[in-house]
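Order as written gives the chain letters A, B, C and D; numbering starts at 1 within each chain.
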Amino acid sequence: MREPERDRASRPPSPNGGPRIGVYVCHCGLNIAGKVDVQAVVDFAATLPNVAVARDYRFMCSDPGQDLIEQDLRDGLINRVVVASCSPLMHEATFRRATAEGGTSPFHFQMASIREHVSWVTADADEATEKAKALVAGAVRRVALHEYLEPRQASVNADVMVVGGGIAGIHAALTMADAGKHVFLVERESTIGGHMAKFDKTFPTLDCAACILTPKMSQVRSHPNITLWTYSDVVSVEGYTGDFTVRVRHRPRYVIEELCTGCFECIEKCIHKQGKFDDEFNEGLGKRKPIYIPFPQATPSVVVVDPETCIWFKTGKCPQTCVEACERDAFDFEQQETFDEVKVGAIVLATGFKTFDAARAPEYGYGTYPNVYTSLEVERLLNAAGPTGGEPILRDGTRPRSVGIIHCVGSRDERYNAYCSRVCCMYSLKLAHLVKERTGAEVYEFYIDMRAAGKGYEEFYDEILKEGTHLIRGRVAEVTDEAISPEEEGRLVIRAEDTLMGVVRRIPVDMVVLAVGLEPQSDAQEVRRLFNISCGGEGFFTERHPKLAPVSTFTDGVFLAGACQGPKDIPDTVAQAGAAAAEALAMVDRGYVMLEANTAFIDEAACSGCKTCVGLCPFGAIAFDEERKKAAVNEVVCKGCGICVGACPSGAAQQHLFTDAQIFAEIEGVLEYV
Amino acid sequence: MSGEILIDPITRLEGHGRIHIFVNDEGAVDRVYLQIPELRGFEKFAQGRRAEDMPQITSRICGVCPMAHHMAGTKTLDDLYHVDPPPAATKIREMVYDAFMIEDHALHFFFLGGPDFVVGPTAPKAQRNILGVIGKVGLEIGKEVIGLRKEIRGLMNEAAGKAIHPVFGLPGGVSKQVSPELRDRFVAGAAHAVEFGRFSLQLFRDVVLSNQAYMDLVLSDAYTHRTYYMGLVDEGNRTNFYDGRLRVVGPDGTELLTFAANEYLDHVGEHVEPWSYIKFCFLKDIGWTGFEDGPDSGVYAVAPLARLNVSEGMSTPVAQEAYEEFSSTFGGRPVHHTLATHWARLVELVNAAERMGELAADPEITSPEIRTIPTETPTEGIGVVEAPRGTLFHHYRTDERGLITSANLIVATQNNAARIALSVDKAAKALVHGTDVDEGLLNEVEMAFRAYDPCFGCATHALPGEMPLIVEIRDPRGELVREIRRD
Amino acid sequence: MSRPKVAFYWCASCGGCEEAVVDLNEAILDVVEAVDIAFWPVAMDFKVSDVEALADGELAAAFVNGAVRTSEQREMAELLRRKAGAVVAFGACAWLGGIPGLANLSTRESILQQVYRDLPSVQDGDGATPHEEVEVPEGRLHLPRFDDDVRTLDQVIDVDYYLPGCPPPPELIAKAVTALVEGTLPEKGSVLAPDVALCAECPRVDSKPEDLKLQRFHRPYEIVADPERCLLAQGLVCLGPATRAGCGAVCVAANMPCTGCMGPTGRVIDHGAKALSAIASLIEPREPKGVAGLAEELVDPVGTFYRYSLPASLLHGRVGRNGGRSRTERDGEEGAPATAEPAGAARRGGSA
Amino acid sequence: MSEAARIQTDAPDRARPTAERAFEPKIVAFFCNWCTYTAADLAGISRMQYAPNVRVIRLMCSGRLDPQFVLAALRDGADGVLIGGCHPGDCHYQEGNDNALRRFEVLRRMLRDLGIEDERVRLEWISAAEGDKVQKVCDEITEQVRALGPLRLSVPRRVETDETPGAPAPRLVGQEAR
């Protein structure tokens, strides 16, 4: 066969001569020695190339066992260590430490697992001994090529960032700010508050959303440790764990934030006497002026000018009554985008969700029949600060006498989203209660399964049942205005199978409410790429481990809070936001992160600039230098998987402790001698 | 005194061959065997390859005439994928192919076969090579030779990717269009080549035609065989290297038949002898009757001499003039004198140069329309070109994914193999008497061989290799009597 | 000053390497000035006896092209090894086995059967095939045995340097000769070409995206390739990322993908496997069916990835094609002394 | 030549089928650290007995798999190769196992053309919880390869005449220290 011309990476550094290997075979009491002929393995090891010392001991992990290694190293008998004992997942750290204590690199060490992989799983003693020899030979051959590596760490910037100013972001920001960290809170909208700010009441306790949210919002505003950036978004993230550089763009609101006092005189004096344009905060149910504030408690309490609808921006001809009304001269129609660049050690993503677009399910008639509403619209109708002052009245101004609420719109439906959105059952019950309370209407709920797993949720369900809401189990086939009886004339008819009664029912109602599910934000993929994390199949951000690392991501230093990770209700969101904040604090407070030793690296001279590796890295750890046409691994970001190394077509990419040469040597070792 | 003479191998040819001469008790040559001792098996390992890789794979049959294999393979792919290249692509292919004919013929004349004449068959060995040629004609002209070759090879590199093992051929066209700048270089190169051709023809006149000793050698019976000839001709029965119909004429010069490439199996057969790895082609229409010439033997020849014999003229003026001079010198076609091949080669060189110039001047040559994308399922394809050393057939069958299931390759020297065997036999019989032979004599035996510019690398798709020329003389019991090393 | 003596020799090659030397053009006159060519069968009439007459090591260098498939070639290689201070494996065949090395996919018997029996133009009749020893009326004729496999030069003799390419680019040949004359040859075992992959000198590299993923592989005849953009990015299997630079990316300049004739870079043991790894990593689908679909589009992986290097590859050829020889016989094979300890480290250049 | 080298060449070769010794296949396994290697530990902890023919080499991720490793193992004496990684979607490094699959699929296509049966080179997804699967797969591949017989491979080695430099270091063979 052809052999490589040369292999720089495999050339062992030899500050003190060539490799001299010590092999230590552990009895592990009888765990190993009861099956494997330890003496035979030691004798065999002594014959292997570069082996200077071969010993056995009853428990290598004990202090005297470790002392054997340290002493041989200190005596200069050896400069490499192989321990044949249990799994490296058990004691690799132990023996690395011992090797380091002996005065060399902790990575001049290799372990052969002759307990988990040999003595415990092999019936025949001779076969077990042979296999143990093979594994020892592999380790010996490999360790001779181990490089001298120092353990490395990187320091962590104490400042943190929270992206998204909904309840999750607010809670995380306050938690960290209270712990004394400086928090940059970035919100895309002109105010923080998120979806929760739109709700009237929250389930199951029916306490007023504004009452519990608003104080937190103003706390954010006034907290000395929080820099609040609204109407702003993150445009780039560079750097790595503990040292991110984030660039934030501030969009112009044409009002100088520091000068605006929130008196709203300008809105009053706008040349438009009435609101004329669809009010986004009210889901288009109300009208706003070109200069507006989304809702009275908006934080910061600063007005926004919408250049799309403002006459001055559109025609350049307007008496500017708003400017006239402002006592602080806060207007600046020349305002441009501005940018800030900050360095932070950790980032909490709390970018939230969007609701399912009900028009995608045409059978429910949303957009066709004016009296079909989404749940979020009804939230606004029920909100005292909403377009109808809290009265759930129809578009023609009448009160509904009967209301149908359809569950699982866009959820648990293979056509749209297979998952359960978790919150719809409970908020539908809440809406049923509120509608009934305010209008006295008959309320019909059409559900597939009633999911009430939460503290106080089942009790809440019972309450609503008692109130006389009609619960019909079955998926709704369609909403139609085709009447087949006089009773249905002029109303909407919900046609559904009642699976409990086994009949198809037609329920005429005045108002239909679609309980739309929760979906990832439409720009979740861009955000994912921005922060180098991943999305699951449904598009929500993926946590590092669903059970053991639910708020971490595969990018160290980036944490998840709230519904951006998956649908969840307010209690869970707040709990998770607290957890994310705690994890971020733990990292930032420690002040440093340990770096993987087995990182990849690229031999620049051998790199052809083919870029094969760059896109393969799941962590964005490889940057391509366009000037020099070379790829380079950022070893702080690298997690040491070696995907790039396996792919590198010219062997320029290698992985510490897993170089090609080391693995080839191990392959030969496990095969060649036994 | 009887015995055996083994010439192993013959130098200055591309490939590997050995000549085994049996001498009888009267000291006369009994029989000469031309053995080709190697084989590579391209037809076998072509199986399973992607059809579109064949032009590049088969070019490795021979690094001297890689373009011929590349082009034959490419044309086979056209047929295989049932696709016609756009006119510009066809013209580019032919133009590049002409460039190849120019440089290959020049290579042979000045580096390989030519030194026999230019320097002289009995000159010292250290001079019978390109350096000797340079010594004879002068360094300036030597540099001219090298310079032209460099220019033409440069054009091929640019147009085909690489001159040695080109890459530009694809079913339905070529991979790269010709830029106006490159076109201009082709035009200039063609002009140089025509001049160079004239010069070479004059050199031949001066050195060979005017030298009675050489002409006696050329016309001697030892180098004369009356066989059939085969070559590609255009619709006017003029020589064409890239395309056309195959025409076969008999020893008397009359047309035996013409056929299209895809009918080759009806007319061309291969005869196997157990003592050589080369296969011997013959005309099925006549049949295999052994190693003999004449109208009743299916033995035929290809390559420059054969091509001139089957054609009724050349398609370009200067070449036509040279062709007429060639014909009249030998008293009309067909010319059966093997050594006249060297002259025929120069006539072709001029023809290729002129044709290249014509194509380069065609405005369509720079067209971007160089590909027709195949849409049909590949099945079977046959392609032919005239390689410098003669007719070259490629024939592939594939599965529906276009993977080769069968490849048949009949290469130039194979067509000639039987006639070459005849030539060597006849030359040895005429020149060798007894086993007491000298080196110059053996070189003259080799000349019979070298005139064909045979490429046994091609012919056996063998791994060509050169061995020393060692002449072993054995008695009838096989005992070594004497060994001649040609030093 | 005496000029260094050199020999050019061909084993199992096509003659393209010889042509490449001729393609030095006028520089060949300089070469002739600088060195004393003691042996070059294709172009000069010097004989083997001239070589045999030399003292051991008298040749400064022997440039040997072609792979090895017969005993004559082996003997010739061994002779040149004795006579030459440095042996240069010249070209892809000598270094890696080359395209004829694909014959290691077949048995010698099946090759003979195909060539002399099965092909459609072969005359029906007595079914003759060539034999190593044949009786003819006048006496007995011999043919050398067609070996079981194609070997690289360094599987037969110790090789000092490698000149890559099919054929080697003239610039690299000229550089090698210059280094020889000037005594600046690098350490033994070096490949006399840049130790970096072709992308480094490919003019299209800037158009290669950093996150290239392929939904399908195209075959060269299926598309009209954009003459400016990276061919891999267009779905053509280009081995440029896995293949040594030094050729000037001439195939790519002709708008055709690199097929790997310059061999692997210095730290790759098996050209085909490494190229395969890089190309497979570009597959976009991640689920088994989609991945298998793209794998199927690589209809001839051996011919694609091992086009020039099958005999040098880790498996050397198709496994078991020559019957029951077991792996362990390899140590007993001619010309292959067992390496000393530490075997792997030494062979992989890892020893101190 | 060092003592070690002598012992190396004197060592019996288990792959050589002889009259005295039936064919025992050698299998090299490349297991990812987080799932399959951990599963092999679990098999050990659970004392699941399986064929001793499999020698595990630990990689951090199946995405580190270089097809060269598979071929090197076969060349160096393995009769089969097993690759183990996390189940799809579970990769500790997000998509390493996707890359392992891509390389494996193309490699498998090529190995078929090189005369290596599919059963000799396998890719298995084995999660950290599936100790029993380690047992099952190791037994299975051992038996399958045993049925196929030894891998008949004849690979000429590179010829090198250089002396290997460096004398062996002095060695101690210690008894258990007390």
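By our rule, a residue touches a chain if its C-beta (ideal position, glycine included) is under 8 Å from a C-beta of that chain, and two chains touch if they have at least 3 such contacts.
Since we're looking at a predicted model, the values are computed, not measured.
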Centre-most chain [mean C-alpha coordinates]: C
Chain A-chain B separation of Cα centroids, rounded to whole Å: 71
Rounded Å distance between chain A and chain D, as computed from the means of their C-alpha atoms: 37
Whole-Å gap between the CA centroids of chain C and chain D: 30
Chain centre separation in whole Å, for chain C relative to chain A (CA means): 51
Junction residues of chain D - those touching two or more other chains: 2, 4-5, 8, 66, 68, 72, 75, 77, 95, 99, 103, 113, 155-158, 166, 168
Residue list for chain C, restricted to those that touch at least two other chains: 105, 154-155, 268-270, 274, 277, 281, 300, 302, 313-314, 316, 341-343, 347, 351-352
Contacts with 2+ other chains: residues of chain B: 48
Chain-level touch network, classified as line, ring, star, complete or other: other
In contact (per the touch rule at the top): chain pairs: A-C, A-D, B-C, C-D
Contacting residues of chain C [partner chain A, same complex]: 95-96, 152, 154-155, 162, 187, 189-191, 195-200, 205-206, 208-213, 240-242, 245, 264-270, 274-275, 277-278, 281-282, 309, 312-314, 316, 341-345, 347-352
Contact footprint of chain A on chain D as seen in their complex: 2-5, 7-8, 11, 14, 26, 28, 33, 37-38, 40-41, 43-45, 47-50, 52, 55-61, 63-66, 68-69, 72-73, 75-78, 92-96, 99, 103, 135, 155-158, 166, 168-177
Residues on chain C engaged by chain B in the complex (per definition of touch): 9-20, 22-23, 25-26, 28-29, 32, 41-50, 66-67, 69-70, 72-73, 76, 98-100, 102-103, 105-106, 110-112, 114-116, 118-123, 128-131, 134, 136-141, 143-144, 146, 166-167, 219-225, 227, 250-251, 253-256, 259, 261, 299-300, 302-304, 307
Complex contact set, residues of chain A against chain D: 1-3, 17-18, 20, 42-43, 46-58, 64, 68, 77, 87-90, 113, 115-118, 120-124, 127-128, 130-131, 134-135, 138, 534, 542, 554, 598, 616, 618-619, 639-643, 645-647, 655, 658, 660, 663-664, 666-668, 670-674
Chain A residues within the chain C interface of the complex: 1-12, 14, 17-19, 49-50, 141, 144-145, 603, 605-612, 614-616, 624, 626, 629, 643, 646-652, 660-661, 664-665, 668-669, 672
